Each structure stands twice: as structure tokens, then as C-alpha cells.
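Consider the two complexes below, in which subunit A is the common component and subunit B and subunit C are the respective partners.
On to the complex of A and B.
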């Protein structure tokens, strides 16, 4: 064996060695804190003190409280609507970048990425400027004579939360979808068309299945991030658009906080989000193979 | 000219900080980069009574209350290295204390409500202060010399650094004055006009007071429910619930609401800078509530001499005036009042702090008991009621 071949052979004999740093990072900064939070969800809070123990009381409270149930349903609803807007638009944008404006695809991608250069809060405040009572949209519509009074529902509403979240998450959804589209050749589409497949059939049986890794990631980004967000609803959601994330954050700050209850809420949200994710993925698979 | 530059920088600094995180106290930011506003007195190079100065000083408190800029000459002259970290919630100091921070924390800056709750609960966090080592504390306003929320069993646990109140802030083009009571905000004429601060205790307390509850901070479950119902009557009029005073100011400046409940006088200054006229004025019958933050020393503080000398320096009139100006708050030292600019000091009703025995700051207890006390519900129930209000 030559000396230059020795490191490669060692690498082959330990195929997972290169993953160790990343694995260690995830274990220390994700798995262990998550485990701690999970353990905490079975404890109780007594005034300023955490009492170690094992109780399902926190989970029981979440499932029996009409307040938490309603917020959970509202959160999942907002997340689904946001995802249902973001993923199809991102899919269409990615398709256009890949197949219609192929030459300018990279340029469009740079433009999409550019929007991520501005801060998260800055973008939320920008949406507030657009959607506000005296914001860009209302002012323009009034100037055009389309409306006389500002449209109240544009800001501080579920509508504003969905629009803002969609705006925030769209670039994140385009990235994996465009990446997945790059692996689809024109030949694949043309072959399907030659065999008599209509546009919808091509979309369902060729494009979607081949772009599935991107769809999964885009769905995960859109759904999980919107279901877990609490800053957007607090800044543009108004007095009636609280989501479960806001309630969870309340449990971890200030006098009257209840960390174990907050931890239990976080795990219920994670479980519900994962279940929703799996159901939707199964549904998409069924549609594309049907 | 220099004054103008400094004023502009102060204004920009405060504007930026106002848009950070939750609550008034969260806005308080380190003044790094901001010029010292007042020519400070002596830098306090000295031997602390009972020890030599120098080395580390660990600070955990509200951002800005470390007075990085104000304390700089003192710290440099005494070779003290301040290790400052900032809390985002009132109880963060306790969390750190109980999770390995004990023995590594010196200066804390609790607010009145949190310090009251801790001292009442008997939980270990603050150590009693040796006032002979803080001679400048003798210059505090009468209210702060005998502040009831800082004293337990005859021992003092904190030196007040800044204070203020949380009035209504409103647009005078829409309203001449505020109604007499907070419950009056349920009137449909306020529809789409109100913005509240995301503060469970402040809001519930204000409505409990408005409903003439005998002890607004000590409510039974039935009383809390009654308060919640009264608040829900006003809910249709609420446009949004601001995450911070800066966020509230932004909503008012944009014209998305015209009345901020539980606001801050400094919001008027911000709005003026943006060409919007706002006014301060609380309900004439109900009034509002007051807050104050203090310097305290943690149990088992490792740098006790530095901590005492630091507090003593920061309680000098010049230091206190500079810090209160930087943080746009009320000063706690009587002689500091004359060193402050009129536009800042006129924002707060100083007549209250000239009275002894804690005055209204002492008698006003805004937070509920941390745990249920007989029929009286604890803080968790208030938080849940507030969440119900927000979610409804």
C-alpha cells in the first residue's frame, strides 16, 4: 500500500469519523438541552423554585385547558395556511428560475438571497409599514379612490400574521426547492409530455416526486418556523392573534413564570408539528403515486 | 454645539433601545459609545472601608444600569474590571444564582416588584447592606431612604438608582383627556384606539384598582375573574398589545392607536422627534403605578469591597444624574435633581419622592403573592388570566 493511499484507507475504515464534530455539536447544543427540557416538563414550579419529580400534571393541564387547546388549533391553522401559500409560490418561483428564466436563474436566486440580508425584525417592521392603518397599501388604495377608510383587517390580524410570515419564509422555501429542481432535467419533462402526459399529470407524477426532497425541506421550514414563531404575532398580530409560541415564552420570563409548564407546552407543540408534518408528507406521497 | 451632538446621540441611543425586547426595563441598554453627559465629580479612588479595591466586579442586571459610561472613570481609577451581563426578565438573577451562579455574582439591579417578592418569600438572593459603606446613600430622596420594599427585619437590601411611573400616553388631536377610570376604556368610542403593554401584573392591577378591589394586588379567584371580565369588556377596543414601550410608541406614532395604557413619558419625546404630538395623562380617579430599580448585592458576592465602592460612587449626585439622564428616568438622589435637564426631570412627578416613608411607591404593591396565600391567588393565576385576555 502506498503512503498516499493510507489516509484514504483509514478514512474508509472509519466512515463516520468525519461526522463526529457535527454530531458532537448537535449532541451538546441540541440533544442534551432538549433532553433537559423534556425532563423539566415533568417537574413542578413552586413560587420561585423548581421542584424535581415526575408528574404528568403539566401535560394534563395543557390538554384540559380550553385556552391552550384553542391556541394550539389557531397556531396549527396559521401554520398550515402560511405553508399552503409559501410552498406553492416557492415551487412556482423555483420552476420559473429553473426552466423559464434558466439563464437568469442564478441572478434571481441572488435577489431572493438578498432579502435574507436584512434583519428578521426589520422585515417585520417593514410589513407593519406596508400594512398599517396609514401604511403604504391603505394610503395607495385611498389615493386611488378604491377605499374611503383604511382597511382595518390589513394590520393587527391573523391576515397580517400570515402575510408577514409568508414574506419572511418565502426565500427560505425557494432555496431547497430550486436546489431540488436543478436535479430535474428538461428531458424528464419532455419525455413525459411525449408520452402524452398533460401539464397537471407532469406536475403530479414527474416534477413533484423528483422535487420531493426540496418540497419536504420547504414544508418543514415554512410549517415548523411559522408554528413556532412568537415575534411576528406579537408585532403584527394585534390583540386577537396570539399563538402558542407567545404563551410558551410567557412561561419562561418574569414573576409568575412556570418553566415546567412551558417545557411541556413546547413538547406538545413539537409532537403536534411532527405529526402534522408526517401526515402531510404521506398525503403528498399518496397524491404523487396515485 | 457639543451639547447638541451629545443630545442627538442620546436621543438616537434611546430610540434604538426602545425597540429592543420586552418592557420598559428591557430597553435600558449599555451606554457604550455614548459620551458622558455630565462632568462627574471625583472618581472615587479610595480604599473601601475594610478592604482594598481592584480586580473583578460582576454585574447582572437591566441593560444600561451598569452605567458603563458613568462608572468608567471610577472603574479605571481603581483598576476594577466590570464583567457585565444583562437580564431579559426580572427573575433571571435568581435563576442564575440557583444554577451555579452563587459565589460569582456581585451587583444585581432588581426592580421594586421582584425585590418585594423575593424578600417576602424568604428566598436567598440579596444580602443585607452595610449602609456605613455607602455614605452617599444619605443623599437619597426621603422616599428612597426609607423604602419599604428594600427593608426586611430592619435591614436594607438595596439602594434605589432610578424610578418612574407608567401613565397613559395619548394623541391630543383625538382626545382632550383620559377618562376617569380604566374601566371606562370599555366604552365603544375607544374602539380601535388602545394599545396596552404586555405586562400581566400592571394591567390586572390597574383594572382591579379601577374596580375598587380592597387590595388590588391580593385577589381571590372570584375577584380575579371579575377583573378579567372587566378587562375583556375593553378588549374589542384594543388594537394590539405592545411587546415593549418602544413598540407601543411605534404603534402610537404610526397612528395605528391613539392611547397607550401603561406607557412611559419618554414616548412623548420619541413621538415629538418624529413630528407626532403625544401627551401624558392618566385616568383622574385611578391614577397609575410607580416603579423603581435598585442596586443590590448578591449573597456570597466574591468582590464585596468593589461592590460597595461601586454603589457608593453611583449614588453620588453627579453619577445618579448622569445615569438617570442616560436612561431617561427619575433620579433617586436629591442633589442630582438640580444637575438634570428640565425636559428629562419634568417627565416624572417628583413631589411623590420628596415624601418620607416610601410614599406612594412604598404603599403601592403591584405584584401578587408569588404563591397562593389562603384564598388569595398567586402570580401564576394572574399570568394565566392575562393569557386568557390576550387570547380572547
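On to the complex of A and C.
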């Protein structure tokens, strides 16, 4: 993952004193908690009592339980579908903002930022009022006479989870992509066209590789955040659309909680996510080399 | 007569309400180095972009080697472009950049490699194949851009101020290099610049643009010697303009009365009438200076006082103020003006064919 790193990042490859605060922050707030969680995943629990030790029992439980496996597969499926919706749309939106709307693109960017500030829960509830049984979509379709009965797959379903997650994550994915697009000049695209590349080829050999840092971040945002989310499935998902995040969060609170098992689940999820991320990045690299 | 590479016919271009090009007609011969010269905003880039296919003309047509390409997208046209800031693909090496159009044409790998090496030799960057574009100097980057554009053997190469970001010395060197490459390949080049010296040095022919029109085209020598308008004579090189009214016409001989005196001139291929406003253009280096007020050739001289003397190294410019108050500049070798100082009374004169009569621009 080095070929298209930003030049600025390349220059700072040597460790530098000014990086120390960032490094300290990273260690205290990310590396240490993660390490604790990792150690915890090999312990066992008896009620609320944590028993230190080293057992692979938690991991074994995860891989042998049909419920956990099904949840894991569904989670990855939802994350993939969401990302497959979010990243291409965010890419197209960023492209339009950069090359079609130009200066008005900045205005759109501010709207995007504003929508992020409106809050996570508020936005999920907003989707509920759109997708609900008596929601905006159903009543509009009924009023238009397209349907007679409300469509019931719109809410409390995998569909609702994917749509809501996509709506939540789209603005977040636009930010890194738009900022990557700012490094691409109109003449870069024109040079490719001039040398004989059609539009699709320009996308594959110039736009995508040059926007790669943004694509990577947008992909990570939408893939990891949708795989880790448990609020959206519990608010708009049905009984059949719980995700692994819901089970993990259950392991950390209330009766029946089991921290070591939750920690192990979290690590399995992290490992699977990381592997998927690497595979997809490899795939994109393969598509953009010719 | 050489074959025509590019024929531009009645091309007009509007951007909304603004008109960028106003009925442009232009032919470019095969193997010709043509410069589009004009100040910023006069429509040079727009014309080049219409030839390359990045803009559609509002009216008119573009033909390349006889084929109408007006509606063809840029990727289908047999033209390639060198952009002002190079526009090298930053995620590809120099070699991959140059190979870009060849890969699109599905050339074989070994043939591509040979061609890239040939192009690198042409622009004298043999050791640079594996460099990243970000690690090239400005001049090297433009050479790679040239190599990339030439690799696919375009029938016409378009260059939009490719040297304007370079400093003077490098620019002058690259001008000669570019011209040499063009001659060696016998390729057709259309070169946009706002720098008149650059256009004079490099071109077979120059088309001078003003306000979206081509106001004159011809060889550098023709344009310098025989400008057809006050605008062109002022734009190309420095000149002295004596403006006034035509008081007599006898065949080709014309008498022009100005504030600085009455002058004679030849109306070479221009119909003029008594009473018309006109201007006389006399180049600074065509004027000679004498100190004794003896016999002055009537109609081809003016008296005045030395105002300013500017040393430019190998040449000296002298500003003379005529009795009317008009400033007239002359230029010559340093020792031509030894012993001159501010306030010296002098007589300026020129050969009859050095004064060019121009109609005043009607704007």
C-alpha cells in the first residue's frame, strides 16, 4: 500500500520529534486498550467475576456456534453491501463536486459537514420516519397509487439496515474522497483523454489510482463502521437483522454479559474486517494496473 | 505546395454570453511550426482546445489531414497535447507515462519499450525511465510531457505555453531544443505563447490573435517587417508610432501630418484616402541619429533633444523628445552614441522604406 501514498506522507517517513504527542495519544487511547482487550479474550468469566488464564475456549465457542457464525456472515454481508453502495456514490459525488460544480462544490461540502453535525441518533430516527410502515416512502407510494398495501420490507429488515447505514456513512465517505479529488487536476484527466483513453479507462488508470488515499479511507470508514454498528440494527433492523455488534455489546452489559467472550468476538471481527479490507484493496490495485 | 495538416474554417466559440473566438480561419501546413501568439485572454487556448477536441466550436469546422474531426472526442483525434504544467501522471514512472498511449494502442511490450527508449533519447533523458514525475525538475518534466505526447506519433502536436513556467535561461534553451526536435521529426506543431520573442525565435509562421480573432499571420520576418495594424506593430517588438492625418496621396506616396511634423511614406498594399487617420511605425533600430542639424531628408526625419540614455549591455536605447513633446526611441550599438548626454540637440532620420504606414485600428 505504498505506491500511491501522498508525497507529504512520504517525506515524513523518518520518525520525528513532532510526532511524539500523536504517538503518545495513539498508544494511550488505542494501543493499550486494544492490548487489554486482547489479553482479556483469553480469560474466562463466572458471572461478573473475571478469571485470568489462557484458554482458546472463547474463540472455539465463536467458531462452533451456528448463531455466531450466521451473525458474522450477515454482518460482513451487510458491511460489504453498504460499502459497495456508499463508496461508489461518494466517489461520484466527490467527482461532481470537484469537476462539475467546482466552486459550488465547497458549498456542498459544507452541507455534508452540517449533516454530520446533526447527530447519529437523530439521523437514524430520520430514516425510521422515511422507511416506516406509515413512513414517508410508503405513504407517498400509496398516494401515487403505485402500491395499495404498505411495503413491509422497508423497515425492520436487512434492507432497512443497509439503507440507513448507507445514509449515515455517505457524508463520512465523501470527505476523504473529495479531499483526494482536490489533488487531481482537470489537465490530468484531459491528458489521459488526449492520449487516447476513453472515459472508463480514465477512471481506471487515472482517477481511481490518483484518488486512492481517499478511496482507502472512505472504504475503511464505511466498511468498519457498518460492521461495528449495533445501534442501527436495533432501531431499524428486525429480529432477523441483528448484527454481530449487537451480540458483542450484549457481552459487555447487564445480565448474561461475558467480557472475555465479547473481547474474543471483537478480535474475530477485527481480523475478518482487516482481511476483507486487504483483499478489496488488492482487488482495486489489480483493477487499476494494466 | 505542402499538404494542409489542419484546416480551421469559420470557427466561433461562445461561453454563455461571452465570445472567446470570433470567426477564425486558419490553415496549418504539414511539417509546419505555427505559433498562436497573443496576450492573455485573447482565445489562444480555446482555439487549441477546439483543435484537440476538449471544446466544441459554436460554429465552424476543424479538419485534420482532410478528415472532419469537429464532432470527434479528443481520444479519437490524431492530435496530442503538451499541457502548460505538464500534467504527468504522478502515480506512474516516466516510462509508464510515455508508454501510456502506446499501451492503449495495444502495442507489444518490447515494441513499447523500444519506443520509450527512443523518445527518452530524443528529449535527452536516457537515465530517467524509472523516475517518479514528482522528482523531476520543471524542464525535465516538460521534456517527459513532450516525449509522452510524441510517442504515439500524432499527426499534429499541440503545445499550450509549455515553457511559460520555466526561468528565462532554461526557457531559451528549451525553445531551441523544441524547434530542433520538430525539424528532425518533420512534425506539425501548433504552439501557443504570449511571448513574442519565443514566437519569433521558434516559428515557421506566426498567427497573431487579438480579442478572439487572428489579426495577422505570416513568417516572423513578414510580421516584424510588415505589420498590418497598429496593434501588431506595437505587439511585436518595440516601435515608434507617429499618429496623424493623411494630407496627400500620389500613387503609392502618402503624406502624413502629425504633431511632430509632416512625414512621407509608401502605402504598399493598402488603399488610403486623404483625410484618413493613420499611423507611421518606425522601428527603433531603423532610426539613425546625427548631432549636426545640417541637411535633413525632408519627410523622413525629426529633430529633438536627448531625454534618456539607457545602457542595456551590448545595445543602448536613447529616448529623444521631439518639439511636439512626443518621445521617440532609437536603439543601436553602444559606441554609436558616445558623447551623447541629456539635452543634446539631435536629428533623427530613417530610410524611406523603414517607415510603415498603418491604418488606425477601428476599435
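Definition applied: the second predicted complex is superposed on the first by the 275 of 290 C-alpha atoms of A that agree within 3 Å, B and C clash if a C-alpha of one lies under 4 Å from a C-alpha of the other, contacts with A are read in each partner's own complex, and residues count from 1 in each chain.
Methods note: contacts are C-beta pairs under 8 Å (C-beta built on N, C-alpha and C of every residue); 3 or more make two chains touch, one makes a residue touch a chain.
Small disclaimer: the values here were computed from a predicted structure and weren't measured.
K.L.:
Taking subunit A as the common reference for superposition, should the pair subunit B and subunit C be classed as clashing or as fitting?
P.N.:
Fit: subunit B and subunit C sit side by side once superposed on subunit A.
K.L.:
Go through the superposed model and pick first if A:242 touches only subunit B, second if only subunit C, both, or neither.
P.N.:
In the superposition, A:242 contacts subunit B only.
K.L.:
Per the contact definition in the header, classify A:134: touching subunit B only (first), subunit C only (second), both, or neither.
P.N.:
Once the two structures are laid over each other on A, A:134 reaches subunit B alone.
K.L.:
Identify the partner contact of A:104: answer first if only subunit B is touched, second if only subunit C is, both if each is, neither if none is.
P.N.:
Neither partner.
K.L.:
Classify the contacts of A:253 with the two partner chains as first (subunit B alone), second (subunit C alone), both, or neither.
P.N.:
The answer is first: A:253 touches subunit B but not subunit C.
K.L.:
Between subunit B (first) and subunit C (second), which does A:69 come into contact with in this model arrangement: first, second, both, or neither?
P.N.:
It touches nothing on subunit B or subunit C.
K.L.:
With the two structures laid over each other on chain A, which partner does A:155 touch: subunit B (first), subunit C (second), both, or neither?
P.N.:
It touches subunit B, and subunit C stays clear.
K.L.:
Check whether A:285 is in contact with subunit B, with subunit C, with both or with neither, and answer first, second, both or neither.
P.N.:
Neither partner.
K.L.:
Who contacts more of subunit A, subunit B or subunit C?
P.N.:
B
K.L.:
Nearest CA pair across subunit B and subunit C in the overlay: distance in Å?
P.N.:
Between subunit B and subunit C, the minimum C-alpha distance equals 46 Å.
K.L.:
Output the subunit A positions appearing in both contact lists, the one against subunit B and the one against subunit C.
P.N.:
In subunit A, no position sits in both the subunit B and subunit C interfaces.
K.L.:
Under the definition above, what is the set of subunit B residues touching subunit A in their complex?
P.N.:
19, 22, 88-91, 94, 98, 113-114, 117-118, 121, 123, 192, 196, 198, 200-201, 235, 238-241, 243, 247, 250, 254-256, 367-368, 370-371, 378-380, 382-384, 386-388, 390-392
K.L.:
Show me the residue ranges of subunit A that touch subunit C in the complex, using the header's touch definition.
P.N.:
Per the touch definition, subunit A meets subunit C at residues 3-4, 7, 185, 187-188, 190-198, 201, 205-206, 209-210, 212, 290.
K.L.:
Per the contact definition, I'd like the list of subunit A residues that touch subunit B in the complex.
P.N.:
On the subunit A side, the touching residues are 45-49, 67, 70-71, 121, 125, 128-129, 132-135, 152, 155-156, 234-235, 237-240, 242, 246-247, 250-258.
K.L.:
Given the complex with subunit A, which residues does subunit C contribute to the contact?
P.N.:
So the residues of subunit C touching subunit A come out as 52, 54, 73-75, 79-81, 83-85, 87-91, 100-101, 103-105, 134, 148-149, 152.
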